[in-house]
Amino acid sequence: MSATTRLEMGRAVLAMQPFSALLGAELALWDDQHVQLELPIRAELLQQFGFVHGGVLSYLADNALTFAGGGALGPEIVTAEYKINYLRPAQGERLIARAALVHAGKNQAVCRCEIYALNAGQETLCAAAQGTIARLSSGKGSNGA
Amino acid sequence: MSATTRLEMGRAVLAMQPFSALLGAELALWDDQHVQLELPIRAELLQQFGFVHGGVLSYLADNALTFAGGGALGPEIVTAEYKINYLRPAQGERLIARAALVHAGKNQAVCRCEIYALNAGQETLCAAAQGTIARLSSGKGSNGA
Amino acid sequence: MSATTRLEMGRAVLAMQPFSALLGAELALWDDQHVQLELPIRAELLQQFGFVHGGVLSYLADNALTFAGGGALGPEIVTAEYKINYLRPAQGERLIARAALVHAGKNQAVCRCEIYALNAGQETLCAAAQGTIARLSSGKGSNGA
Amino acid sequence: MSATTRLEMGRAVLAMQPFSALLGAELALWDDQHVQLELPIRAELLQQFGFVHGGVLSYLADNALTFAGGGALGPEIVTAEYKINYLRPAQGERLIARAALVHAGKNQAVCRCEIYALNAGQETLCAAAQGTIARLSSGKGSNGA
């Protein structure tokens, strides 16, 4: 599959996820090994201290990990599990999640993701995640990209 | 603090989180040890296979864990980290997250959470999470409840 | 399978693990849903501050989770992943890990574990873990019980 | 601190951990950002299928993460939590864990680690971990490096 085809396919998947549309996620890059998923920050995505809500970072990590696994396993996949460490409060214009494949087996892939906040042209690392993506046929999970 | 006061305070915190309002989270219970955070399922919260998006479950786990930690540590807290395992696709009328304190130290608390989907009156376990809540003064994190 | 047969089988598996023999793990209980794996504390298992080394707690969590998953999935399994939170320094006579099944699918099981230190007759919670056990045929992992 | 001094100090810490001595861990590298912790594979460290026991990989991840955090936070630290994904069975002559700092705050550091098995001169990635190292004064944990 060409890089362009993959990216178009990924954007079509994202468009079919109502929750991704609600949040406004944009797939900027998707090749064999790397994913870049972005999200413009807006008031509705914040918590009470004025920073982006952790749930938004989690959504982004989950979905970026899933795309990273999907590059190796194909489209019929779900996120099986992941962990996320929040590192700094996220604020600014845009969140940028970069995910990469760590290892792909036949039915599962392990991926990592870092989330940056773009603020006045500066990127700040705000969260780091690691998780497992599984083929749907292997029978579990609830998310998908 | 009385149970009623705590619950009212928790609902006020939730109301101050624009992202929780966007998703429609409702705090049903919050005492010293237990939290119940609920979310009516609606079309905007789904992924492309018609199930609740994993990011919604993650949001709910994150926020429920934070309330569970806040019962021990007070309101000036953030989620430092957590992991979540997705167990089954979530569908139905409502998500119910139940979180409990596992251990509270001076500056951190470790909590667990289970998320159920209420479907035609039946609860199905859909996700399980475990994470760390930290006092804001201990200097990290990006979420809050 | 009778409870006694299962326990004997589990002890035989443990005896076939040289690392479990090196550490001195003892399977005290293993039924459909629960596992109790114990380890007498001795000087060789400590770190530089005189507490049990985190690696020993991790070993115990990993193995107890695997037995808990094996109760549902059978013996051809591996630990796919887990996370552990250390809660308190572990010291005393004996470590007691109690693990339980959270959810079992066809090819994977998610389990939780708590580790207690028995010190002068008192149990203290020292660590909490959550992880995924997978069938060997589903093709990954490196541990086994 | 010079790189040599740091490495010597790290080896002294490792020598003070009876469990690290029992397993035979060797600190090969420790600078500001990176750690390399190695372990010769021997029969006592295996499980029943002839591969290195997951508990050994976990020990190595835990300790390598702690050194990586210690490079930023100083020696009075503990592992607060981590997660590990087992990727492939580990076999061969030697395990090599490489850990690096992801982010250091005032009281906590988040680090990542990959574990390779060296087999007939070839390195194979066997596990990936991510976790939090905390200052002892911030009051929790049970491990140390």
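Which chain is which? They are A, B, C and D, in the order written, and residues in each are numbered from 1.
Criterion: contacts are C-beta pairs under 8 Å (C-beta built on N, C-alpha and C of every residue); 3 or more make two chains touch, one makes a residue touch a chain.
On a predicted model such as this, the values are computed, not experimentally measured, just so you know.
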item	value
Chain A on chain B, rotation in degrees - Cα superposition, rounded to nearest 5	180
Greatest separation from chain A - chain, by CA centre	C
Cα-centroid distance, chain C relative to chain D, in whole angstrom	20
Whole-Å separation of chain centres (CA-atom averages), chain B against chain D	32
Chain centre separation in whole Å, for chain D relative to chain A (CA means)	28
Multi-partner residues of chain D (each touching 2 or more other chains)	80-81, 83, 85, 87-88, 105, 110, 132, 140
Residues of chain D that touch chain B when the two form their complex	80-81, 83, 105-108, 110, 132, 134, 138-140
Touching residues (chain side chain D, partner chain C) in the complex	13, 16-23, 43-49, 51-60, 62-63, 66, 78-90, 126-127, 140-145
Chain B residues within the chain C interface of the complex	83, 85, 87-88, 102-103, 105, 110, 112, 114, 125, 128-130, 132
